[in-house]
């Protein structure tokens, strides 16, 4: 099965091992260490790590389309944000009448802008199952429609990049509009609980962190499954010689559409897990610069490796956290410098450093491996 | 219209008496008294004091009133002496005595009470000063004054206006005065015969008068007014269309300017230059810097900024090329990562070295205000210059890329670097020159943008997305495409804006770009043929 | 053969692609005013050798001496063409988005006489180039591109012309014509030609000397007449 | 010595909001330095903890959490935009922190843990409109704002207010633009047309930040001067003006609770200290700085009064604390966590300063819940016991948001 | 077709709804039939009223001057270029002008390009694997496994094209000639009904040419082969029927001897001494 194949791969095993190890250790340190111990992991840190993992999943999604399919999406933030909004709408509905105006149905921002009733597209979001399906469907359908149009017209290269950017930019402006019914610039915030668990408790936070870790693991395995399958090789073929791929009988646009939609859904899941952990979703997640930054994480970690994307996302965001704290006035120098230095000195990103060593075992290609297996 | 009424009385006084009293002078104690009254009365009372001062005939009165209007008439707290403030920035102000004109040097801001003025009083003052201009020897001044009279003629003034008309030699001034009178006649007297004068006038006061007349009980007047209004509406429609087109072109030329440098560095060289916006920013800061270096000469500074802005940005661009981009040959996507880093550094550099706050860039007089095409249509000057500048920059670039070897060589180098070098093309030099050129042009854009928008650390970020959009929409590698894309996106945006609002218009333009790319997957001017299809 | 008459003298040249050793202690003499033909099976390193001479691939060690006094390995790529080396690479490598004329003009920069005009001779040689002056190089047919590549190398009026399988994709009568032109340039202008060619008839007809490569080593060399069937069987058969 | 009192400073030092917020960070550092020179509070020194939330709203929440949970600060001074405050709010409530918010805002909020030292709409917008209506005789209104919650809410309040005062719907034009909007040509042209209908027209501007420079430039260039169509702004202060060529803007208005030009010794002292601290003769002060000044002094007084920096004690102690403001009066912390403020209307002068042309006779207490919004006119906030509620509905007699008991 | 129609025509989106390809109908003889085909680029007529019929199982050589339109003709057959006028049929059932490249390839038309284009990041082995005639829809591709018979077939072809040792090398490092061979290998993997081979022997040695000739002649009969080549020696060694293209249309057609003695052909193409 294409999904179990990655589990036999060394690199995936290592990745999952490290990830689950980290999840277990963090949980253990959080639960069993005394608060004043140096080893204690506070719930602040747990949530922070949870956020990084969301970003890592988003980066993996971007690497899937960029690294393996050659689609430099400058609009993945849109899928991330849509997933986030779907989750945010659910969380908003969970507030019930605990909002400041005490309206049992309408979120606060609708009350003070005189909305009389919930817009139709908010219907159903009070039910968790519906919301969670929408987390996948909202970005998935957008990607399907957008991708269908773009790939059918054979939009490629920078043209594709720029229209993905136009897409997220347009959505950002649209979501800014208060008329849209998504809370305008303020977005959705002040969430109370999820699936009946109070978001403010440490246990819920830990749960979300673990859920994110598992989502990342699943996302990683799915992506790995795709890229090690024959479809993955076809993707690479599309990336390097799109026209040639058609002549050997592959419908390039469908390959692109399939992978793009899968990637968008993963991004949506990342967004959905992000929202309860950071406590707000607002249109700035649609900002084109955010999407570009995600691409930068991937490039920094090492394109077309998947685990590189994870490393890049974790590293950059950790660096941001640290730098904004210890050198609030100069952290941009450090971050900018990091980007420049990595590009110039590590052409294959950070993952390039690691793969140099393990290259020897990698020469057995997936196809060849499988044949012998 | 209370202000106007008292103003017109004053006007009569002034017109008739001021020349005769010009040499008169009230004594200092009287002056002190008048000024004290000004300082200590409420805003309502101040009006009559102003009129008293104006009517006093003292030849210092004009100075006092002008200073008062500028918020520069004050009193030293301790001594109660009246002063005129010469420099009012910072904590210490330079002042001179209001009565003797003697320079008193710097005085702490704490010790000065400025005499407060407000818009209403400033209006009054301007009225006084401008009506005097009706007698000015300079025709332009008279014309401005006459135009200002439209809508502010009242009973007293109406009697005088025909005299002015008779005495006036300039046709334009005469026409303006006639119209001013006609407005009064239609509005206040319901005079049907005056309607004809107003027919076709684009002046808003005239329109207001006609509108009112349209609803009048007098059917003849109402009908005449309605007819006149019709012709006005017709003209206004034309004007509005012309105005929208102008707005569109001007927005478009801003987009073109912002994007055209990128059309070189990205479109031709293939470097995804995320620091392009910051290079624009450097150009804008150069303008600010120049104006700091040449205080009091904003115009000269602006002109010098054109070469300076180009140089600064070009050198910065070359530095980026040498330190970063040259190591990324054959990895165009990685340039995105590195230049993103560079853009963060440049932004923060400006925040740290200069300031996180916006800087003031002064618009020189010859670029301020607007050219009046007719009373319903004025075109703003700064934007007109920007349109012209964009076209000049475009033409210059076009010349360089078409007529010099650089254009050929850079294309050869980007299409096949190894082969180009084998043909003896000095690829490194070409890289430096081209990147420098693209960056320099970004700097020029910054110089122009400093006249339109904020000069601050975020300047670049607000243009980078649009710039890429324009270059790609036009078709990568095609300068004409960039020009047409910029202008058309600008125009479309402005056509949509009145109808959809600013936000929705922008969204619609983006959606349009997305849909357009479906139809033409390689932009407006695509690279065609076998090679492009790969 | 005395060294003075050598246009190119290659000595103990070693080249690597990453870790794979492609050229091994390679030696090659290209006498001035003659046509030397390099032969060998696919993948033995012929193109690599040409790239080393042009500087497109860097060499590990060894020397390439040009015209008796210039050490090529120390020269930058762009300076090699200034020395008078014209290069027709394998796979044509024309600039696809430049017009035919612009493709030709790229060579003007290094012309000794500083001329800014494309020599009429090139259009005479390949009339199709004149016909298609304003068409993008990439739109040309394969053979037309090949003609363009040769024309482009001739624009710089080289002393040494490197041709990597120049006949590939060109119609027979023009192939013959190219052969004739090469001969004419050699005889009239004293041009030196370094030719990579697989087709024996062509090589036999137009080359003066041959060298055979196998797995990155020179395994045979001599006057073209000495290219025996036995040698061919030994080194050129799979 | 005792542990220092840790003061968190949560203002963007990079990104789009750095333009406004970075000065507030410096203001806080200056105030803390001065307080320490005076021996701290109750003998305890103050220690600033600065972080950069980088104009990124989720990051604000994260940094707030970092300050409270990791750095264990006793109080936070921070935020500018409403969205950043909304983002931070659940965090300070959860971790029981103290936040002093220094910027004028849309109201409709009252948190146990937040102290609003900027103006609520009734302390800025309403008085400004009154001034225009009564003193200037404005009959036609343009409400122009950036499209986000503060302008939306403010305009909603103003619209209701104006209509209550008999202004016809035709005489109100509302326009929203995105953040950083720079192409104002057609909007300004529309305003001009709207204003040429023969009635006195004014623009009430809630345009935010960077969009103002091109807006005022366009006003100037299209020849709209304050005499024809005055613009009264709620987000343009001395600091914004310092980036604009003010020549063409003379006479346009702003409504604030403080102007740098206020003729008052406390103000002059503050300005002197600021100039000295920044080392820049041209440095300007503005309203949110004053708000931090007031908030900080209130905090100091409250800690003194409570004798501890313990959050709950300070929360209790601070209500009713009164400290001098910089305009010659006193600011008092009201039970709804808003303060009393005078309202000043100023006209822009050519030196980038405002000249005060009107002010309220006495200070106005901030109203958390607007009387002009249907959803909130029945709500009040009082954080004193026994009511202890941020949104108490006086009609139903219940406290909103805490009604689980009632609804179950 | 309107966007709406395409959206509702769901077999375009969902693989599993796609109809099973109908077999090529060659009962009437020709496998490829081109009639009155013309195409022009910016006014330049590259193909001009071209008529061409290839019979099932035939081996046809096409020669003609540079720029005669040979490659363009292949572009038209494989769906890369749409002609301005004319019709192109595959068998008597499939109108190629209504199909896109992958559909045409799936129908059984394979092509070797004049300028070798292989997937440079993939290994030689993977290049062949992708080309292999299998179900190329999304889900079958995703779940595809390497069956032993597939592997055998790839090994067979590797052997044939002499790249056994390089099977795990990325195709990008191959020499020009090796890439040519890989292209041929990919074509063989596809098992097409009709092979279009553009200049197969460019850059090959005489011996390799002979092998290629053998290979192509052995394919003929089961499969139909169209070869474009400028090497007259090679053409002569395989040719049964030769078509000469000139300025976008057929100049001559017949046996090798017939065409090589045609004075027009000699003049425009072969030259005096060929």
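Each chain gets a letter, A, B, C, D and E, in the order it is written, and its residues are counted from 1.
Keep this in mind: a contact is a pair of C-beta atoms (placed from the backbone, for glycine too) under 8 Å apart; a residue touches a chain by one contact, two chains touch by 3 or more.
Chain identities (UniProt): A = Urea ABC transporter, permease protein UrtC; B = Urea ABC transporter, permease protein UrtB; C = Urea ABC transporter, ATPase protein UrtE; E = Urea ABC transporter, ATPase protein UrtD.
If you're wondering where the values come from, they're calculated on a predicted model, not measured in any experiment.
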{"item": "Set of chains adjacent to chain A and to chain C", "value": "B, E"}
{"item": "Innermost chain, where centres are averages of C-alpha coordinates", "value": "A"}
{"item": "Most widely separated chain from chain A, with each centre as the mean of CA atoms", "value": "C"}
{"item": "Pair of chains whose C-beta contact count is the highest in the structure", "value": "B-D"}
{"item": "Label of the chain whose CA centroid is most distant from the centroid of chain E", "value": "D"}
{"item": "Separation of chain A from chain D, taking each centre as the mean of its C-alpha atoms, in whole Å", "value": "36"}
{"item": "Centre distance in Å when chain A and chain E are each reduced to the mean of their C-alpha atoms", "value": "43"}
{"item": "Separation of mean Cα positions, chain E and chain D [Å, integer]", "value": "73"}
{"item": "Junction residues of chain A - those touching two or more other chains", "value": "149, 152, 173, 176-177, 241, 243, 329, 332"}
{"item": "Contacts with two or more other chains, residues of chain E listed in rising order", "value": "41, 80"}
{"item": "Touching two or more other chains - residues of chain D", "value": "13-14, 147, 178"}
{"item": "In the complex with chain D, residue positions of chain A that touch it", "value": "42-45, 47-48, 51, 96-104, 109, 111-114, 173, 176-178, 184-187, 189-191, 200, 278-280, 282, 284, 321, 324-325, 328-329, 331-332"}
{"item": "List of chain B residues in touch with chain D within their complex", "value": "43, 70-71, 88-91, 109-110, 113-114, 116-120, 122-123, 126, 204-205, 207-208, 211-212, 243-244, 247, 250-251, 254, 347-348, 351, 356-363, 368-370, 378, 380-383, 452-458, 461-462, 493-494, 497-498, 501-503, 506"}
{"item": "Chain B partner contacts - residues on chain A that touch it in the complex", "value": "72, 146, 149-150, 152-156, 158-159, 162-163, 165-167, 169-170, 173-174, 176-177, 241-243, 288-289, 292-293, 295-296, 299-300, 303, 329-330, 332-333, 335-340, 342-344, 347"}
{"item": "Interface residues, chain A side, partner chain E - complex", "value": "1-2, 144, 148-149, 152, 226, 229-231, 233-234, 236-237, 239-241, 243-252, 254-255, 257-258, 363-365, 367-368, 370-371"}
{"item": "Residues of chain C touching chain E in the complex", "value": "17, 39, 41-43, 47, 90-92, 128, 135, 139-144, 146-147, 165, 168-177, 198-201, 232, 236-238"}
